[in-house]
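Both of the next two complexes hold chain A, though its partner changes from chain B to chain C.
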Partner chain A sequence: MSSVLVVGAGPTGLAAARGLAKLGIKTILLEKDSELGGNPIKNHYHTLIPRKLKPSQVLGPYIREVQESKNVTLYLNTELVSCEGEVGNFKVGLSNGKTETVGAIVVATGFEHFDPKRKGELGYGLYPDVITNLELERMFSQEGKLYRPSNKQLPKRVAFVFCVGSRDRQLGVTNVHCCRYGCALSGLQGSEIREHYPDVDVFCYYMDVRTYGTWEYPFYWAPQEEYGVRYVRGRIAEITYSPADGRLRVKHEDTIVQRPAEVPMDLVVLVLGMEPSEGTKKVAKILGLKQDKDSRFLVPSDESGSNIVSNKEGIFIAGACKGPIDIESCLSEGEAAALEAAAVINTKVGV
Partner chain B sequence: MAIHERSLVEQERILRKERLVVDGVDVSGDWNLIILPRVIEDYDLDFAKEVAESPDGKTITQCYQCSYCTASCPVHNYWDDRYNPRHFIYLARLGMVDELQKRADVIWRCVSCHKCTHRCPKGVLVEEVLKVILRAMAKRGLIEEYPSKKFDKFFTESVLEYGRIEDGELLLGWVEKQGYKLFKDPILKKPVPLIGDAPLWLKQLMLKPIKSMNVGFLMLNAKHMLFHPRTKNWNKFKQVLRKAMEEEGALK
Partner chain C sequence: MEGHIYGYNLPISEKTKVVPWEEKVRVVEEVKADFRYKEYIYGCLNCGVCTASCPSNRFFDYSPREIVQRFLEDDVEVLYDMMHEYIWACSQCFTCWIRCPFVNNPGGLVAIMREVAVRNAFEATKDLLKPYGRVLLKVMTTGNQLSADMLQPDFFPDWGPKMADNMENLRAKRLAIPFDVGKSVKTAWEVSLETAVEMYTIWRETGIFEMLEKLDPNLYNVIMDIVEENEERYQELTEED
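And then the complex of A and B:
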């Protein structure tokens, strides 16, 4: 019986591998890092949108089932290096020297967070109190408290700078898309700050707020109505530091008041965009997958109505390798890809 | 020194000194003029909190700046576009008090038609929120005694004294307070607006209902002008009300 290769063991890859294993299909799961779970685990996310669960609650059961399943062969610290053949008979070369034969491939290579050092005017790496939303998540999840890195004190004011590395043509056509999660996560982080530190004022600097669908209330209105997070319309153009009072200044135009502003802040959180991961770009090259000409994210085939089916028969693309997506949808797409892969290798599915 | 594009610079940002001495050096002349920048340097969050935390102002956090209120507002549409409920909400929410103060001359012009409140898709009690903003500004002395307040005071005094108003007294008394001279009959000292220096529009205004009213209603009005109507047992309640209002500082 033919087996399936799943590339990437983030939420999508885990969901795909778990699904395949449950169908009784031999599955090879590749992960370039040393642990399972992808970005949410590696970057120590604190609370996941939209269900406000911990990564261990959401991904824990998946990781456990994949690890315990006898159908899954797990290769950690391993990457895909070559692929020959066609559907039903792919010969894949791995970086650990092994060569495997698989009937279908699920690509779940995901995204990576934007590197804010590329936006020099925002002062990341220059001022210790300019941090990323990932670092804030880590503050919550690892250290359990909010502080200014410069002096370890509680900040009086926190600013969220939306769309860092998103919707930004200055970075090239690669970063013109929306990250989809930033607005909602900032609303959640702002609420968490206000909930635990009611004296800290939180400001969100936005161009527009995209908490789509059912996220509108819990991640946009609850922060304002229940927690008193303040929203200011205007993109932060520059972050400076005042030695006189040791505070940062966020420079922007308040586009509703139509006046320039340089407001003091103690902690500035950059809301990072999403880019296709290095792995996604590499795998696209190896497998000959179609990529969006601007963002380099993978795109599904035009012939199939499904957004899981790639331009190569027998290869399925799922999750954040196709563009920004939330974790719930990643899990669903992983499961959908498992189904497609199972159908391709024409296995009798036992109940 | 001349200011180029003078129309773009607000008066309050111009600092000009007749004589200016810096570190002992007389720099009067070309250097005696400074134009302050337009930059917003901080928010007045105490003001913002005062508005958002008052019971009738808390719906201010629900606003998403769609401007349904402003589009419906007769004051904005037919009088002065500087009166903009949506904008006042944004400014108050961030405590941009200087911006609010720039509109202090129009911000009290709400006619309480409540279209904004009835139509707001987010359930903001716009009219109430604006009153809270006014109150917070008045408390800090940021807003002058505005003309319509004269009417409010006259109205309040009348209600406090009698428990109810008398239409003729209220109208004519307010007209007098606006600075018009009205002829008064020599015996009762009541204003007679149909003769003398009363403005033409007032004469016409008074004449119209008199022509069309039935005799009974005319008599009732005349009676009310002579003997001010009064709510039953008002005196006891008046004392309580006046005391409560004094304690709240509402009679200032």
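And then the complex of A and C:
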């Protein structure tokens, strides 16, 4: 029976490889970095939405099973460089010099976080107290405390700036999509700050709060009701610095009371959007996968009702390579892709 | 629908109330028929970035978000009313445009509204243009905005007592400038008759003279005297050739 190639070992790729291995299918798992787990592990996420578990709790079991499985061949620091052939018989070239023959391919190349330097008016890289939500996660997970990078002191006022690199056509039509996770994560991070430092005021500057489904209470209502996080409606137009008091100024219009405001803040957290990773763009080219013309995320085939099926027979797309998605859905999609891939190699090769 | 769709939460001026509904619709439709309109307005998140970035918003009752919203709501009554006073607070810096996540251009919408207000001889445009009569005269006849002879001692008391001296012997002072700025005190630079006449052709063909006639008949007469005189001179010169 032929094997399956899984490209990318983030949550989606891990779930796909684990699923295939459990079905007894030989699986080659490629990862361009030196460790498994993708963004949540590489970027030291602190707590994952929606179940408020640590990355090690959610991804740890997947990583262990994949590492221990005799069905999984793991290539770290390795990328896909070429692909020939068709479903049932793909010849794939890898950056480690090897060539493998596989029956089906699962693409799980994921996303990368938006680079906030592209929104110059927000002062990231210019003012040390303007940080990203990723850096805040690292502050929690690596250093275990909240502080202002400029003076290492506890901030008195913290602002979350929603939709940085999301829902924004100014960036060249590429970032009009919603990041899906930002509202919920900010609610969680804000609550965590308020829980540990009740004297710190936390403000969320939003346009809409998209804590969809069951996320509404834990990540929108509870931050307000239980933790006293404050929500102000309006997009931050620019962030400046006042040498007089050494604090930042966030400028916005409170669009509900229709009042322009320029408010002092000690720490500003930019809530980053998602873009297709370099790997996603490269693999799309190598495999000839259909991409959204603006965002460059991969898009499923119109021929199938399944959103896992790509425009190339025998190639399946899952997780954040198709657009912003949460980690639990990534795991489910990876498992769904494993099922589809298993079905394909059984029908094409088993007969 | 006639009237103010969402109720009169903004005060509507008497000037607007007395205008027949059909006329207000016609004027707003004229704005929306402009070829730039569809490139200046897409959707709106009501995020307020335009208004937060707007320098005029800090000092006046003017919000670019309000402009966009009123167009999206098709609020004829308010849009028409805004053309009297509201839109004239915009400083046309277009920061709203470069910040808007939809790439709407509220400043551009204001530019169109102003042009329509001028074309339709809104009372407001007459009032607004009054202090600029001298500038308009200079621009329309010579293409220059300002010239040395426009400085007059009693015009700018806030410039201090020395200004009166500065305004004597303008020609000599101008000649003393150590690089070539032209000899004229009536224009900032030398304007050839040919260039001026070409400019008048543009004014005429694009309807600028007509517009001026509606806005300020007196100024129009003064300007047309000069225009016609220059055109005649040019005609004579070309005939001599």
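The definition used in the following text is that the second predicted complex is superposed on the first by the 346 of 351 C-alpha atoms of A that agree within 3 Å, B and C clash if a C-alpha of one lies under 4 Å from a C-alpha of the other, contacts with A are read in each partner's own complex, and residues count from 1 in each chain.
The rule we apply is simple: a residue touches a chain if its C-beta (ideal position, glycine included) is under 8 Å from a C-beta of that chain, and two chains touch if they have at least 3 such contacts.
Owing to the predicted nature of the structure, the values given are computational and were not obtained by experimental measurement.
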| item | value |
| --- | --- |
| Touched partner set for A:Asp201, first chain B, second chain C, both or neither | first |
| First (chain B), second (chain C), both or neither touched by A:Val263 | first |
| Chain B versus chain C as contact partner of A:Asp254, first or second or both or neither | both |
| Partner chain(s) touched by A:Ala244 [first = chain B, second = chain C, both, neither] | neither |
| First, second, both or neither for A:Glu225, with chain B first and chain C second | first |
| Chain A residues touched - chain C or chain B, whichever exceeds | C |
| Residues of chain A that lie at the interface with chain B and also at the interface with chain C | 233, 254, 260-261 |
| In the complex with chain A, residue positions of chain C that touch it | 42, 45-49, 51-53, 57-58, 63, 65, 98-103 |
| Chain A partner contacts - residues on chain B that touch it in the complex | 37-43, 45, 48, 52, 61-62, 65, 87, 90-91, 93-94, 96, 99 |
| Touching residues on chain A, where the partner in the complex is chain C | 121, 163, 167-170, 207-208, 233-238, 251-255, 258, 260-261 |
| In the complex with chain B, residue positions of chain A that touch it | 201, 221, 224-225, 228, 230, 232-233, 254, 256-257, 259-264 |
